[in-house]
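Here the structure is laid out as structure tokens; the discussion comes afterwards.
The first chain written gets the first letter, and so on, giving A, B, C and D; residue counts start at 1 in each chain.
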Amino acid sequence: MTLNEQPDAAPTDALITLDTAWIVRWIRQSAEVLAANRTALNTLDRDIGDGDHGENMDRGFQAILPKLEGLAVETTPGAVLKLLATTLISTVGGAAGPLYGTAFLKASGAVGSVESLDAAALVALMTAARDGIVLRGKAESGDKTMIDAWTPAVNAGASAHAAGSGVGAVLLAAADAASGGAQATDPLVARKGRASYLGERAVGHRDPGAQSTALLLRAAADTALATE
Amino acid sequence: MTLNEQPDAAPTDALITLDTAWIVRWIRQSAEVLAANRTALNTLDRDIGDGDHGENMDRGFQAILPKLEGLAVETTPGAVLKLLATTLISTVGGAAGPLYGTAFLKASGAVGSVESLDAAALVALMTAARDGIVLRGKAESGDKTMIDAWTPAVNAGASAHAAGSGVGAVLLAAADAASGGAQATDPLVARKGRASYLGERAVGHRDPGAQSTALLLRAAADTALATE
Amino acid sequence: MVMKKLINDPKNVVNEAVAGFAEAHADIVRVSHDPIFIVRSDAPIHGKVGIVSGGGSGHEPLHGGFVGYGMLDAAVPGPVFTSPTPDPILAATQAVDGGAGVLHIVKNYTGDVLNFETAADLASAEGIEVRAVIINDDVAVKDSLYTAGRRGVAGTVLVEKITGAAAERGDDLDAVVAVAEKVNSRVRTMGVALTPCVVPHAGEPSFVLADDEIEIGIGIHGEPGRERIKLEPADAIVDRLLAPILEDLPFVSGDKVLLFVNGMGGTPQVELYIVFRRAAEVLKQQGITVTRSLVGNYTTSLEMAGTSISVLKLDDELTSLWDAPVQTAALRWGR
Amino acid sequence: MVMKKLINDPKNVVNEAVAGFAEAHADIVRVSHDPIFIVRSDAPIHGKVGIVSGGGSGHEPLHGGFVGYGMLDAAVPGPVFTSPTPDPILAATQAVDGGAGVLHIVKNYTGDVLNFETAADLASAEGIEVRAVIINDDVAVKDSLYTAGRRGVAGTVLVEKITGAAAERGDDLDAVVAVAEKVNSRVRTMGVALTPCVVPHAGEPSFVLADDEIEIGIGIHGEPGRERIKLEPADAIVDRLLAPILEDLPFVSGDKVLLFVNGMGGTPQVELYIVFRRAAEVLKQQGITVTRSLVGNYTTSLEMAGTSISVLKLDDELTSLWDAPVQTAALRWGR
């Protein structure tokens, strides 16, 4: 099976794992979703930032697409995550570039060189990603940043895994929690990033980075569930 | 009688003459009319020029007002015209400043040092004014400039005088002809001044300088007739 | 609509701006407030030809920003977009007269020409030798019997710089006049407006353009130009501006030129450099070499968005005069 | 509404502008197109500390216009209003490394700080000693635990000029860093916007102001500031901007300062000088002496109408470094 083929059939239940082909599908799906949400993310960022977040994310995920074409069959999930990280770092710019870049670099480190990811690995991946963002950006929960999507996602994924869920359910729980977390940024005053300059005026607006995080995790869940 | 008093009564018919007091009233009336038409003249000039003609004329005629206060009783009409000329030259700027300035300088020369103006003197005054503008601006009739108001005015005034009219009727004829002349600039293409840059696009717009000339001559007729 | 400007009273715009200019550049200029003009702090310079320019305000840095060593001796700002009267022109002429005569650099507008003419007559009457050079670099207007002639636009900056250098090196009045005429005869300009400007005393836009319209051949007071067209990509607009410039002189393969991309006031620098890139490309394609360049807001129309392109055919003399030191508020090098 | 700009494709704005810039200023700079950065034509200079700055485009002449003798060694332009990525920053750092270390001058925005940080890490890994100074002169934003800290705005120009002079005279990396920190610690800025700007890729205004509203404390990317108020006379607006600047350092009677009135891009020069006039007047009233000044569009937000006022407390060292020769596209004197 080459990386660009769909699996013939997929096993069910918690024993299922996600391989490099899934990571590739997830990135492609993310690129599609971000392109479709480019203007929406720009608009969110225009309200409380500088209006480029959709632009930045789209540029980064478009840049990785051609690189996915030539992947060797033996490329591990971790290696693809690393490629994603370095591509985002060198194409996104702004705050989101280094933050997402660090996230996926740390995620890549966390999954090591395994050939496919089980639910535990996915939780480790997401935890490392979140920790990477905190390391670079120093944001705390409630600062109205992408962390407010990542942390609920990590927690929900971990709980699902602890409750015995498989990869699809873990990612679905994470995606749902990220969506909720993004939505929960609406009433907050920002304390990091450009939105922090607005004080009270940021209230009532969603954080664009939290929103893009929710989109990425939704794409992860969708592609994983399609695999199952 | 001081210069600022109204005459007690006025003689009628062609033997009447206009003195310095009239020139002063004419200038004051002109200042009032130009102030009232400042925006209208700016608008005409915005359509086919640079939008400042009302501003320029208003600035000039406001500047002469205080100077009229201190006039010595023996000041001749010619001396007031010269004061008007130098004031316009040093305050109006633009094309209109030197053109009207030269007009009234030449008019002042034409009336010499007589103490009051009869119909013949008024015709000489207007003719000299028009010739002064042509000397400085080199415009011909039909070039869509203030000349297109002045020349009909001079001709109508001269005809009225030849037909035996008095000062009031001469100025009324001139004012009517100037109004007609200004109106007749509407369909013209301009060949002098800023409007000449527009080519065909000037068609359908009145020349602001022709309009201000019509206003000045109307004020002259109105104040002369009020004197009668 | 409220007019949105950083001003106090429309009537005081020029006075207050000149006062601020005098404060900011006290090392280079002095200012007379009544009548109003800006003069080199070391004027008059004995034995040097004095150079005076001026015209309506609203085109800054033209002309006050070009007063100083190696360029103008004095600048006379009129009200916004309105020629100054003869009085301040005369006073400025007297202030810079170092005994070698004075050159008036006058943009070709009826008002400017007439007011400078009157001032020159008055100065001559006082024994100052005055000559005038009329700048008419704008190819948008046909120079014919049927117009007031070509307008003077951004090319004026190049005339002022190069002529100023000639006066600074000690050329006599005839020679200075000859240099000014030479530059004027070799420079061609054409502009475009994307948006109008609002003159403070008017409080309304000087003309109206639809959201997708631009005015090709705009004058620097918002006078209409050749044609009103739909917005196009920058490269296409540049091509429209350059073609009549190049065919007018004409500029031909082998020419060395100064390429000047001027901002009208409201256009960001990135756009001016995009314009420059294309203009340089077209010139190169035609075998014309850009050996000197100038990019920026030098002859503006308040906050108008737009640009003009000027091309000046250089020779060794003009090039070395261009390179000569200049020290003004808006143009400075070599000292 | 159609976006009215002299551009070809929004995606090519920065590339084409940088290409035009390179053509126009080939005597001063070279340009690398991939990755994109602008570098002094004589870089690297052996034994001189290299100075690199950069950030989102749209603030021109910041930073590319300040590359040259006595100022920056390289500038790294990101997309419009978006920090560049580490790759071009690293490449620029390598290109200017003359063996004496490299200083990064970084405006305080999360994106800029993080990307420069990454580039510095990568450069260090290659044996280049890199130090960063973060500029945060904007008093509109409270520097507290609850914000990303004060933004770097127009004061950056003063840091770049003065620090560039220190590097040019041969200061070592520690000394150059100390000068940059000193200038940053003594300069305060506050801005106002009258109209928004349109980022090319967005095609819509970055914020919306009513016809009679202005934004006090605006950031250079259109970030909102302290408060939105009704339009006022220029003098009143200047007073609003100056008060928090003066009380912040604080500036006190007897201080000698550089007064910098910066245009945001779409504001005519007459207005900037009206602002300067009032600012100088207020300073004089408070016993503060303006000994140096700068007026013009130096840190812009595309075509935004507005201004910022920066006040820098001078001493003999900073004054003489300010006066030292500089030869860049946008700031030039002494050579």
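We take it that a contact is a pair of C-beta atoms (placed from the backbone, for glycine too) under 8 Å apart; a residue touches a chain by one contact, two chains touch by 3 or more.
This structure is a prediction, so every number in the text was calculated from the model and none was measured.
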Co-neighbours of chain B and chain A - touch as defined
none
Number of steps on the shortest touching-chain route linking chain A and chain D:
1
Starting from the mean Cα coordinates of chain B and chain C, work out the distance between those two points in Å.
34
Chain centre separation (chain A, chain C; CA means) in Å
56
Determine the centre-to-centre distance between chain C and chain D, using the mean Cα coordinates as centres, and give it in whole Å.
29
Residue ranges of chain A touching at least 2 other chains are none
Two or more other chains are touched by the chain C residues 80
In their complex, what parts of chain D are in touch with chain A?
56, 78-87, 109-111, 114-115, 117-118, 140-141, 145-148, 151, 199, 201-202, 204, 206-207, 219, 221-225
Touching residues of chain C toward chain D in the complex: what are they?
1-2, 4-9, 13-14, 16-21, 23-25, 57-58, 60-61, 65, 80, 194-195, 197, 211-212, 214, 231, 233-235, 237, 259, 261, 265-278, 280, 290, 293, 295, 297, 300, 302-303, 305-307, 327, 329, 332-335
Touching chain C in the complex: which residues of chain B?
42, 46, 49-52, 55-56, 59, 89-99, 101, 136-137, 189, 191-194, 196-198, 201
